[in-house]
Every structure is written in C-alpha cells, then in structure tokens.
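Both of the next two complexes hold chain A, though its partner changes from chain B to chain C.
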Partner chain A sequence: MLDIKKIRNDFPILSREVNNKPLIYFDNAATSQKPISVINSLTEFYSKYNSNVHRGVHTLSMESTDLFEEARNRVAKFINSKNSESIIWTRNSTEGINLVSNSWGRKNIQPGDEILVTAMEHHSNLVPWQILADINKAKLVILPINNDGTLNLDEIDTFINSKTKIVSAVHMSNSLGTINPIQELCSKAHKVGAKFMLDGAQSVPHIPTDVADIDCDFLVFSGHKMLGPTGIGVLYVKPEILEEMDPFLTGGEMVLEVSYEKAKWNELPMKFEAGTPNIADAIALGEAIVYLENIGMQNIRNHEIELTEYALSKFKSLDKLTLFGPLDPLIRGGILSFHSEDIHPHDIGTFLDHEGIAIRTGHHCTMPLIRSLNIPATSRASFYIYNTKDEIDYFINTLGNAIRYFTDVK
Partner chain B sequence: MYDIEELYQEIIIDHSRNPRNFGKLDTANKTAEGYNPLCGDQITLYIELKDKLINKIKFSGSGCAISKASASLMTEAINQKTESEAIIIFNNFRQMITKTTDEDYDSDILGDLEILKGVSAFPARIKCATLAWHALKSILDNNNQEISTE
Partner chain C sequence: MSNSIDQIYDEIILDHCKNPRNNRKIHKPNIICKAVNSFCGDEVNIEIKLSSKKIITLTGSKSLGCAINQASSSMLSEVLYGKSIEEVFNLYNIFNCMMKENTVPKKASEQLGYLKNLKIIKKNPIRIKCCLLPWTALINEIEKI
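Right, the complex of A and B next:
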C-alpha cells in the first residue's frame, strides 16, 4: 500500500483549488503533475550548474555534463537497458517515432514492404508511418480491434508476414486504456525478421518496463507523463540497430570532425542529438525517475489496478454512459474513456471543471479510432500515484449530477 | 469563480435539446460546413437566399449544447433578414462572445442571442459558440467551402 497522503504532500499543485473546490486531477494521460524534487531540480540546475554540455573544459561544463549523463544512466537502468548509449534524448514520444521512421525507416523500408500498426494508435504512431509508406512506396497495414477494445489477434499471422518490416504498437492505449500483449507482437515480428517498436508513452510511467525482457528494437516515451518536465523524452534503440542508423537532425554536437565538404558523425548516442540538448529537463527527468523508483513501479501499478477496479465498479451505478475498453483491470491501465448519447463530452468537461475536476474531452489524438466507435469524442478520466478512492467517489457523484443536469428537464 | 448557470441558461439547454430549424433544407441555394476538429463538432448550414434576403434557413449536424444552441438561436435571429442585416448581427455577436475590442455590442440588435453572453467567460468554449456563425460568414462572403474553427 502506498502512503498516498505523504505522496500528495510532495506535489504542490495538489493543494490548490479550482473554482473554489479542491483540485481533482484526472488528466494524467495528457500530462502528470510534478513532485517538488523535480521542480527543485530545475531551479537548482539553473542556479548552480547552468552551462553547456560536452563542450567546455571549465568546471561548470564538466559538472553539468556529469549530471546530464547521470540522468541518461538512470533512464537506462530504469528500463533495464544494458548500456546508456542506447538512450537518446528527444523532446517527447512523437519525436522519437519520427526519428525512427525517418532514420531507420527511409533506409530500410523497400517498395512493397509492409508496416504494421494497430487501430488504436495515437496520431504520433500513425502519421509518421503514413508518410514513410508514401515516400518509400510501402504499405501501411492496420491491425483491427475487437468490440471490447482489445486487439483482434485472430489473423495475426496474416498481418505479420514475410513482407512485414516493422511492427509499431502502443503498449497502453491513451483512449481505451487497453494494455496490449506486446510480448506476443514482438516475438511474432522477430519471427518474420521484422523490427518491433513500442510506444510506451502511457505505459512507461505506470507499469514496470524491461526492454531486455520485451526484446523490443525501439521504445519511445515522454518525460512529462511520468512526473518529469515537458520538452524531454526518450528513444531507446537496440545497440546493433543504432550503429547502422543514419542521423536524423544534423549540426553541432552530433559531429566528430567537420570540413567545408563533409562531416564525420560523433559516437553514440550524440550522433542523434544535434544541437544543444535540453539539459535541465533531462536532469529533472532523472529526478522524476528517482522519485518513481523510491515508490516502486510495481507498487504504482498495483495502486492503479486498485483504483481502476474501484472506478469500474462505481461506473455501474451510472446510467446512460458507455464505457470503452476492456473491463479486466489487469489488461487495462488507469484510463477510463466514456460517452453519453445525450451529452456532449465538452459539456461534461465544463460541468466537472466547475466542481474542480480536470478530465480530458475530445478525440485524444486518435481520430480514426474515435470515428470507428461512431461517436464525435469521449470524456476521459486517467489516474496516477496521487489519486485516491475518495476522489473517484466525488468524481462519480459529480458525473451523476452532470448527467441529471443535462438530461432532466429543469 | 464562475457560475455554471451563467453558461448553461435554461433557454440554452432548451435550444440544445430541441433545436429550432433543424434538418436539411431542400430549397437551399447556399450551404456551408462548419467543423471543429478539436471536439468533432460538425454542422451544415443551409440557406435559401432570395434577392439578398435570407428567406429560409436550417442547420444539421452534431455538437455540444453550446454549439447546438448557438446555431439554433442564430437561425431564429437571421431568418428573414437581409444579407447586410445578418452581417451586422454577426459582428455584434462576435463582439459579445470574443470581446476582441473595447467596443460594446448592441443589445437591441442581438435580442435573444444575448443569453449566450456567458460563453465569453469560458475561453475553451468560444469556438463552440461561434461554429455556426463562421459557417454563416462563409456563405455571406460567398466562400462556401468547408470551414474550420481551428
């Protein structure tokens, strides 16, 4: 059991009020709140260590480089990557996927090859592959889903075939909460000689992630969804693949030697980090990881299973709502997406906000998925380590009031 | 702190549940689409324009309470108005909702539309209230393509 009261005290924003009500933050799938240690890390860096990395011989530069690389080592350890050269700093998951589709993809995808993604991908794991398929004359194939929001694996061996060169799949759906059987997808991809890329934007912050165990070739995730600052993300690439990849962005930092005619690439991982990197935010992400590790990722997962199970049972008391995604909390994260025939999600969102509750409404950057459900948008509540059953009670109660407010004749 | 009743006035809820002039207009000679990709709201506006007079007007589509009520109230307000009268109503409505300048709007011109005034306190919902109006503007500007509030 987590000491939620103690955890909540570490997050200054949780003590503020919204519309004269205590803030209930249920928009964690969009971005998480930050503990004081992460906030302090940012001010400490700029107050004591600020200078560029990998460049100077002066003390500040060496100290900031040490902190920066220490953060990289922390990330590597956190996802059980054997070496830290496999950890490339990006801005976010989106940039990581674009890096892979541009660098690895353009070089390795041949005309007629197939790229497989699932029907529940975020736009960030769909649009880059659409563009790559278009440029390299390959075929983008979509793995369908079942009515309960799980992947339809009935014909998986037809979908992953000898033409498949890469399978890129989301671990935890940001719209449905579904946790996908990625191990199975990964081993099937490898069996036909395809690469496997994992979108961990929603999963890495909430469930233990072990790249050695999964055996994925690529993994992306975003710092801001796991207690870290915005603007810093991670791309993990298996070392042997990274060696063969060309740089994505070029310029300073990523070169070893430059003449007016040509350049020689720097060693890994700097080869993929052109320009001055996001030093302060990378270091603060390292602090976020320290915070998560102190609590323990399995403890976090257990807490969220408990919250999800509780919320799913409470949802049954509400009429007129359709809940999406699987009902088994063991194959779903703390993400609850729902829709009412009679009330538009934006009206629900405004009503809840008035009572201090922050949820997300809209298509959650999964437009094709939401359209396939034949609805314009959904309302989404998503949990994290600092959320409680009391908050869920208040949320369900307020949601009931919203339904009555908009459907009963006043 | 705001009051939720300021936004969802009884008349707004009524218009959103029972929108007036709702449905397709077969005699329309002008149509325009309004689309808000952020929330998936979509409306189609149909106008039968007769010698610069808005002789008939209807709308169809789906959206939140605010966008539906605004579209419904708009059709009532501009029915049987000339194009230039409609533009004056449009400008006053926009002024009330977005408060882009210090200039005030004319209550008399807006009439019932003034109950949407509360939307101006909800920046995230202004696009909902203006969706139908942008479709109207594109018809009045003779530019009948799909328009988007994004």
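Right, the complex of A and C next:
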C-alpha cells in the first residue's frame, strides 16, 4: 500500500484549486505532475552548478558533467540496461523514434522490406515510419486490433515475416490503456531477424521495465510523463546496434576530431547528442527516477491496478457510456477512454473542468484508431501515484451529473 | 446542479443543443455551407433558400459535434430568416466582434438579440472556435455570391 497522503504532499500543484474546487488531476497520460524534489533539482542546478558539460576544465563544468552522467547511469539502472552508453538523451519519445527511423532506418531498410506497427500507435510511432517507408520504398504494415482493444495476433506469423525488418509497437496504449504482449512480439521479430522497437512513453512511468528481459533493440520514453520535466527523454539502443548506427543530428559535442573536410564521430553515446544537451532537465529526470524507485515501480503498478479495477467497477453505474479497451486490469494501464453517443467529449471536458477535474478529450494523437471506432473523439481519464479512490468517486459522480445535464430533456 | 457550469452552458444554449431548430435538409437549397473542425470533429451543414429578391426564406441546419457548435448552428438557422445577404454580413461582423473583441457598441449589440447569450463562451476561449464554425462556414459561402 502506498502512503498516498504523504505522496500528495510532495506535489505542490495538488494543493491548488481549479474553478474553486480542489484539483483532481486525471490527465497523467498527457503529462504527469512533478514532486518538489524534481522542482528543487532544477533551481539547485541553475543556482549552484550551471555550466556546459563535457567541455570545460573548470570546477563547475566538471561538477555539472558528473551530475549529468550520474543521471544517465540512473536511467540505465532504472531500465536494467547493462551499460549507460546505451542511454541517449532526447527531448522526448517522439525524437527518439525519429532518431531511429532516420539513422538506423534509412540505412537498413531496403526497397520491398516491411515495417510493422500496430493499429493503436501514437502518431509519433506512425508518421516517422510512413516517411521512412516512402523514402526507402518499403511497405508499412499495420497489425490490427480486436473489438476489446487488444492486438489481434491470429495471423501474427503472416504479419511478422521474412520481409519484416523492424517491428515497432506501443507497450501501453495511450488511447485504450491496453498493455500489449511485447515479449511475444519481440521474440517473433527476432525469429525472422527483424529489430524490435518499444514505445514505452506510457509504460515506463507506470510499470517495471527491464530491457535485458524484454530483449528489445530500441526503447523510447519521455521524462515529463514520469514526474520529470518537459524537454528531456530517453532512447535506449542495444549496444551492438549502437556501434553501427550513424548519427542523426550533427555538429558540436558529437564529434571527436574535425577538419574542414570531414569529422570523426565522438564516443557513444555522445555521437547521438549533437549540441549542448538539456543538462538541467536530464539531472532533474534523474531525481524523478530516485523518487519513483523510492516508492517502487511494482508498488506503483499495484496501486494503479487497484485504481483501475475500482474505476472500471464504478463505470458500470453509468449507462449511456461506452468504455474502450480491455476490461481486465492486468492487461490495462490506469487509462480509461470513454464516449457517449449523446455528449461530445469536449462538453464533458468542460463540465468536469468546472468541477476541478482535468481529463483529456480528443483523438489523443491516435487519429486513425479513433476514426476506426467511428467516433469523433474520446474522453480520457488517466491515473498516477497520487490519485485516490475518493477522487474516482467524485469523478464518477460528476460524470453522472454531466450526462444528466446534457441529456435530460426539460 | 452547480452554478459554475451554468456560466458556460446557459439555458438557451442547452435548449438549442437538445432541441436543435430547423434540423432538416431542405429541397433545392441555393446555398450549402459546410465546415469541419478536425480538432474535435465538429461538423456544420447549413442549407439556405433565397427568394428572388435574395432574402433568406428557409434554412436547414444539421450540425454534429459539441453542444456549443450545435447550439450556435441552431441559433444561426433561426436568426437568418428574413434577412438579406447584406444584413447577414452586418450581423456577422457584430457577432464576430462580440466573440473576438471586448466591446460592441450598445446599438449594434441590440441587433444580436439572443445571440448575445453566446458571449459567455468567451470564458472558455478554446471553445470560441466551436461557436464561430457555423458562421465562418456561412460567410465563406455567401462571399461567393
């Protein structure tokens, strides 16, 4: 059991009011709130250590480099990466996927090859592959889903075949909440000699992640969804692939030796980190990881299973709502996407906002998926460590009021 | 019901949303106005019949989407009745001014009638677009006349 009261006290924003009501923050899939230790880490860096990394011989530069590399080591340990060279700083998940599709992808995808993604991908794990397929004359193949929002694996051996060169899949869907059987996808990909890339934007913040165990070739995630600041993300790349990958962005920091004619790439992982990196935010992400580890990722997952189970049971009291995604909390994250025939999601969003509840409404950057459900948009509530059953009660109650408000005819 | 929400969806807006007026397709319309807002999936479909003197004599409005878009479409379909194209432009300018700027001269604002109720949507700026969608669809079409 988590001590939620204590956790909540660590998040200054949770004591503010919205429209004269206590804030209930259920938009964690979009971005999480930040504990005071992360916020303090940012001011501390700028007040005490601020300087560029890997460049100066002066004290500040050495100290900031140490803090920066320590944060990298923390990330490596957090996802059980054997070495920290495999951890490349990016701005976010989106940049990580673009790095892979541009660097590994352009070099290794041949005309006629197949790239497989699922029907529930975020635009960030779809559009870069569309472009790569277009440029390299490859075929982008979409793995379909079942009505319950799980992947349809009936013909998986046709979808992952000898032409498949990379499979890139979301671990936890940000629109449906579905947790996909990534282990199976990864081993199927490896069996045909394809690479496996995992979009961990929603999973890494909420469930224990072990890259050695999953055996994925690439993993991306975003700091801002896991208590860290915006503007910092991570790309993990398996060591043997890193060596043969070309840089994506070029310039300072990523070179070892430069003449007017050519350049020699810096060591890993700097080869992939052109320009001055986001130093303060990387260090603050390290603090966020310390915070998560102190609570324990399995405890976080258990808490969210409990909240999800509770919310799913409460949802049954609301008729006129369709809930998307699997109903088994063991294969679903704390993400509830729903729709009402009679009320547009934006009206629900506005109504709840007036009662202090923040949810997301829209297509959640999964337009093709939402279109396939034949609805314009969904409303989405998503939970994190600081959310409680009391908040869910208030949310369900308010949602009931919203439905009556918009559908009762005078 | 809490009071605060009634500051966004007042009685008139809710009434138009739940009971949209002129909710029909009309026979051989002279003007067909369509628009979509892909951000939220709002859709506007307004049809207009003009007399030989270019006066609006019949309207149909089948709009989909959020309450604000539906209410605004429904209200628009009512106020168009009996107006000339020129009067519609004039009304649009006043309405647009009310929704986007701060003050509308009192005399002009009287012409708005119950459209004034839509002003409360400005408290939620992200939804102003939903409210203006039927109007921009209409103006885009009648500008071509």
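Throughout what follows, the second predicted complex is superposed on the first by the 409 of 410 C-alpha atoms of A that agree within 3 Å, B and C clash if a C-alpha of one lies under 4 Å from a C-alpha of the other, contacts with A are read in each partner's own complex, and residues count from 1 in each chain.
FYI, contacts are C-beta pairs under 8 Å (C-beta built on N, C-alpha and C of every residue); 3 or more make two chains touch, one makes a residue touch a chain.
Please read all numbers here as calculations on a predicted model, not as lab measurements.
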Clash or fit, chain B versus chain C on superposed chain A: clash
First, second, both or neither for A:345, with chain B first and chain C second: both
Contacts of A:354 with chain B and chain C, given as first, second, both or neither: both
Which of chain B and chain C A:401 touches, first, second, both or neither: second
Which of chain B and chain C A:314 touches, first, second, both or neither: neither
On chain A, the residue positions that both chain B and chain C contact, one per complex: 19-20, 343-347, 350-351, 354, 361-362, 375-377, 405-406, 410
Complex contact set, residues of chain C against chain A: 1-2, 4-5, 7-9, 14-15, 17-19, 39-42, 64-69, 124, 127, 130
Touching residues on chain A, where the partner in the complex is chain C: 19-20, 343-347, 350-351, 354-355, 361-362, 375-377, 401, 405-407, 409-410
Chain A contact footprint on chain B (complex, rising order): 1-2, 4, 7-8, 10, 13, 37-42, 62-66, 122, 124-125, 128
Complex contacts: residues of chain A adjacent to chain B: 19-20, 343-347, 350-351, 354, 361-363, 367, 370, 375-377, 405-406, 410
